[in-house]
Amino acid sequence: MTEFLQQIVNGLTLGSLYALIAVGYTVVYGIVQLINFAHGEVFMIGAFGALATWTVLFKGQHGLWVLPIMVLGAVIVSVLTAVVMERIAYRPLRGAPRLAPLITAIGISIFLQEAVRLFYPGAKSKLTFPEIEVVSGTALQVGGLTIQRAAVFTVGALAVSAVLLWFFVNRTRLGQGMQAVSQDPDTAQLMGINVNRIIVIAFALGAALAAVGGVAQGLLNSNIDFRMGFLAGLKAFTAAVLGGIGNIQGAIVGGLTLGIAESMATQFIPGQFGGSAWKDVWAFVLLILVLVFRPQGLLGARVVDRA
Amino acid sequence: MSTSTPDLTHGAGHGDHDDHVTVPLLERFPGRGSAAAWPLGLVGVLLLVGGTFLSWSYTGDVLGDLSINFYPGGVQICMIVLGLVALAFLLAHRGPLSRLGDWLDSAAAVRNLGLGAVAYMAVAIGVIAYESGGLINVNPGGWVSLVGALLLAASGLMLVSRQHKDPLFAKTTSWLEICAIIVLMALVLFGAAYALGIGDGASFVLFLMFVAAAATALAKSGVFTWIGLIAQKNRPVLMLGAFAVAFLFPFTQGGSDENMSIATQVLIFAATALGLNIVVGLAGLLDLGYIAFLGAGAYVGAVLSNSAFATIGWKPPFLVVVLVGAIFSSILGLIIGSPTLRVSGDYLAIVTLAFGEIFRFTMGNLDGNNGPDLTNGPNGVPAIPDLNFFGFDFGQPHNVAGITLGRFANYYFLLLVIAAIIIFVFVRLNNSRIGRGWVAIREDEKAAEAMGVNVFGLKLFAFAGGAFLAGMAGTVKAHHDVSVTPDQYIFLESAFLLAAIVLGGMGTVAGVLVGATILKLLPEKLRFIADYRLLIFGLVLVLMMRFRPEGIIANQRRKLEFHEDDEDLAERIEEVHLEEAEAKA
Amino acid sequence: MAQRSVMTMGASLLVASIALAGCGSRGDSGDSSDSGDTGSSSKVAKIGVIAPLSGDLSALGKGIQHSVELAVKQANDSKAIPGWTLEVEAVDDEGKADVGKNGATKLAGDDQVVGVVGNLNSSVSQQTQPVFAAANITQISPANTGPTLTRGADLNAPARPYKTFFRTCATDIAQGGFAAKFLIDQGIKTVATIHDKKTYGQGLVFHFTEAYKAAGGTVVAAETINPDESNYAPVVSKVAPSKPGAVFYGGEYPQAGPLSKQMKAGGLNVPLMGGDGIYDPKFIELAGSTSNGDLATSVGEPTDATDAGKKFLAEYEAAKYPEPSAAYGGYAYDAANAIIEALKVSLKDAADAKSARQATVDAVGKVSFDGVTGKVSFDEYGDTTVKVISGYKVEGGKWTFVKSENVG
């Protein structure tokens, strides 16, 4: 039983991370029907943004108070990257055949990884992420369960982000505009909504959450490297599809489900095909199964026609 | 000769009958149309070529030896060729070859040649100055040629096009067309052999600039349109010629393995990309995990080989292995293809990407620790012996007609056969009922289904067929590479394959071959950018999608998809089709 | 009439093709004259270096490269081989098998290469061995500890697979045995093993486990990780319930550092122990402040513990290379000197470098001299005859030497 609960804790941690990234896929897809394949790189750049903020401003400091500023630095770098990316690469391709933006996304993804590898000092190998008091260090023991301090941060960050996101989407003009555009961009435009602006905001929103995820990953793993975005991005996309792409609640539910499923697979699939070596395989098998048998995802997708 | 060619209004050049045609930026040059343009061009050619016979560099160790008067080196000879081609176009514009000028846009050609020559000379002088420490080391010859290039460019910018016939409708006799194809093939062979022989990066870049300048000039002038036409008319000759060139290539290498190793890698890569081209280019199904099929073939080749690390006791002859590998691969293709019934578009791309990752993880896991011992895990299967066909050992050099052919040359010939099979299958499929079905699915799946096309069957067949070809190439790759490891089959490799297709031109054979060559050859030759290779690669993908999504060598029908508002193009394609239909009737 | 104009165009293409042909011939003749020039003054033989010069393990690879450069520079300065100049040709293997094999092919294709120092990773050497063997090029690894490389796939019936492969460091049989004893000496009787499934990690854990059980210890859990993974929480949770006294990790520091940190953050507060692959300052950097008490073994005595080693470090320092000599610098230096010793014999009467390859292989098997890591000589498998292993412990953010032993 302890093992089971322990894996739930691990799964929730991992799942929160996936959910933070998955929101970015889902928001953008809901509005422009584009799989922003480079979103994983935005997440990676967020982590490097946080590290850079710490290295430049607070090197040697480990107090909790630097964390909000690191997060802010991460968010700024990620949002800038995403907005520039949208403006330069994606916007001119709106209306082009589907293949074009997807290949562009792969191009951006490779470009961003390489840019970080080549131009961030020392990024050719793993970089140590700073230890911050309270959120890193020895684990907490709660009734036989071990809880990483960084896990508390990750789950908390997701909870706060989700509340803010809900508020933004449902209670602000911009958020309602976003909903309108995702339902019918042409009509929304006729109603006086600036669609281009909404799209930029969707990219920025996703990037901000991914940046928070980047900081969480840095704290969890205690190191970051330029490759971290690829697999994380792919998993987060899986999570978005699992929950129903285009559906924001879906992304969060999907992320948590995927995280827990992965942890359970590590612990409870018996024999040689269990264990951490196969958890990624099981995650992708899950993706394929969902796409084949329930392509609209757990909570239903906003976008019905996916031709 | 028929004179019934219609006087085509749309081929008539720039704005001589339509006032609000926008003039491209390049052609807004002061003094445009002036009578001085033509003689200026002649002077330019004279100086450009004359300069090459003088010394360019004070030191003799830059760009090969350019310091000797009246003995031009390779870098200089390229400029002589460029000058002569420019001369031909100038004479076609006005003078003895002016009949040719009726068909070709000689002004555009001269313009591109001139600008290309300026860029070439600028880089050459820059390299000389940089490597020997200062502009002082550039000898007068270099400056003379630079002035010549500038004059030529100015002349090209001032010339006004006078072409009034579309080269698509040029009627030429077949012996001439065949000669042209042979000359073209010979050019390709010499060009490839020469380019591969260049040792230093700067000379190689200059040679590329030369080829690019010449190619854009010929393309702009319309020569390539004509060549495309005759290539279509004389397809068997072209194919034969291309294979003859490919076959002769190892004999130009004098037994050196270095370039042959690159050439075999290009072939493996191209063969796989051609398989992917069936899936992506013809059927329009985006596959981001295609490298897994090559990997599946390679793993089959490895575990059924005589390697001491092979885990399966069965050691069948190689031809059986090829078949097993190809079939295994196509079964995987069927498995991954079956979800296509339900998902399409972007989702399919992600499913295939996930599949590619599953393959890599699985190969890394089946090592006895985390699964049955089949693949040796991350260490892969090393020490795969060379192939041996009836006593012909692929690992040993052989002498043919006094020329030594090394290990890679042996594999090169085998791969050439496989590439030929794949190209044959590709072309036959493309022109068959199946190929038309794929195109229909690609254009509009629902309409295709309504017209009675078996959508699901054809999609599955595309996956299985493409995978079969890749699996075949994979089994040879295992022996060629000596070892098979999971990290050879990462996502980046799939992206490279896709990029080869996209860069070269989707749905075309030549385009894929060009794309594969560019992607594999350039990093080998441009060692000095090795670290920035991927960065540039990513950037090129983005720029390509933005500015020329149809690829370098575009399938015209495909081109239209990306430029829907280009009515000129649509009309031309239609007319060519009509012509062809008439010719058949 | 169109016909004639096209004919003229064909003719111009023909002219172009002839001119291009001219292009080709000049390029070729230029090449051959180049090599002729260099051949006339002093003959050149190259010693290749193949190691990870970029990527996670580049700290170790760069140290190997510069140490070989130092040895070659000293040999050239002292004119160790009359009539010949030695050069170093360094190739990056990125620590990856595939890249390494391409690099090896490149070195083997260079006619001037007579010997190679490398690789760092056993999994990479496994791929490069056949390439060098086919070309008769001596390969001496300063760091490969995987026993199968010299003794073949079946260790119970050892048979040397490649006559061209040698190594200057002791194997994992020696290291695993020492590590087991070292851990028992520390009073730790239960252990969990984790490895990265690569040749080195898997082999080290295998030999450690054998020796540890024989010495009375218990292995309570055996797990693996994926080398390109960076989140080890799942594996830590899986190991933690079995309450091991330590975790023995087979692999290299880019994974071991974060693993150590995540173990302690995940509630598994026991020392992590590893082999020479984690004995690097970068491990402590990645593992952070909680790495105190972590253990490692490494081959040979600490380089700065012997006079020869001190002299080497001083000379390395004086040559002002941008990176430190790292864990394998001394071994790489000895490996390069072993090749140079052999070349003194094999190049004496050789016409060119390529023809001396076989003689070099034969001569390397017979060398015997005092290097910086001890006596350098090879047994019938190509293994070094000296098998000194040392144990280290992290104390105060630094590796500190605990003890060493000759287990040969």
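Per-chain numbering from 1; labels A, B and C assigned in written order.
Methods note: contacts are C-beta pairs under 8 Å (C-beta built on N, C-alpha and C of every residue); 3 or more make two chains touch, one makes a residue touch a chain.
A quick map from chain label to UniProt name: A = ABC transporter permease; B = Branched-chain amino acid ABC transporter permease; C = Branched-chain amino acid ABC transporter substrate-binding protein.
Because the structure is a prediction, the values reported are computed rather than measured.
Visitor: Can you check which chain pair, B-C or A-C, has more C-beta pairs in contact?
Guide: More contacting C-beta pairs are found at B-C.
Visitor: Please identify the chain lying most centrally, where each chain is represented by the average of its Cα atoms.
Guide: When every chain is reduced to its C-alpha mean, the one closest to the whole-protein mean is B.
Visitor: Quick one: chain A (ABC transporter permease) and chain B, Cα centre-to-centre, how many Å?
Guide: Computed value for the inter-centroid distance: 38 Å.
Visitor: Using mean CA coordinates as chain centres, what's the chain A (ABC transporter permease)-chain C distance in Å?
Guide: The mean C-alpha positions of chain A (ABC transporter permease) and chain C differ by 38 Å.
Visitor: Show the residues in chain B shared as contacts by 2 or more other chains, in ascending order.
Guide: 361, 364, 369-370, 531
Visitor: Touching two or more other chains, which residues of chain C qualify?
Guide: 54, 197, 224, 226, in rising order.
Visitor: When you check chain A (ABC transporter permease) against every other chain, which residues touch at least two of them?
Guide: Residues 275, 277, 280.
Visitor: Of all residues in chain A (ABC transporter permease), which touch chain C in the complex?
Guide: Counting only chain A (ABC transporter permease), the residues touching chain C are 2-3, 6-7, 10, 13-14, 124-126, 128, 131, 136-139, 141, 146, 148-150, 217, 220-223, 225, 227-228, 262-263, 266-267, 275-277, 279-280.
Visitor: Which residues, counting only chain A (ABC transporter permease), touch chain B once they are in their complex?
Guide: Against chain B, chain A (ABC transporter permease) makes touches at 33-35, 89, 92-93, 96-104, 106-115, 118, 230-231, 234, 237-238, 241, 272-273, 275, 277-278, 280-281, 284-285, 287-288, 291-293, 295, 306-307.
Visitor: What residues of chain B sit close enough to touch chain A (ABC transporter permease) in their complex?
Guide: Result: residues 280, 286, 288, 338-339, 342-347, 349-351, 353-355, 357-358, 361-362, 364-365, 369-372, 445-446, 491-492, 495, 498-499, 502, 531-532, 534-535, 537-542, 544-546, 549, 561-562 of chain B touch chain A (ABC transporter permease).
Visitor: Within their complex, state which residues of chain C touch chain B.
Guide: Interface residues on chain C, with respect to chain B: 1-10, 12-17, 19-24, 26-28, 30-31, 54, 96-98, 101, 105-106, 109, 123, 126-127, 129-131, 134, 152-153, 161, 196-199, 202, 224, 226-227.
Visitor: Give the list of chain C residues in touch with chain A (ABC transporter permease) in this complex.
Guide: Interface residues on the chain C side: 54-59, 197, 223-226, 228-235, 237-238, 240-241, 254, 257-258, 261-262, 264-267, 269, 282, 285-286, 288-290.
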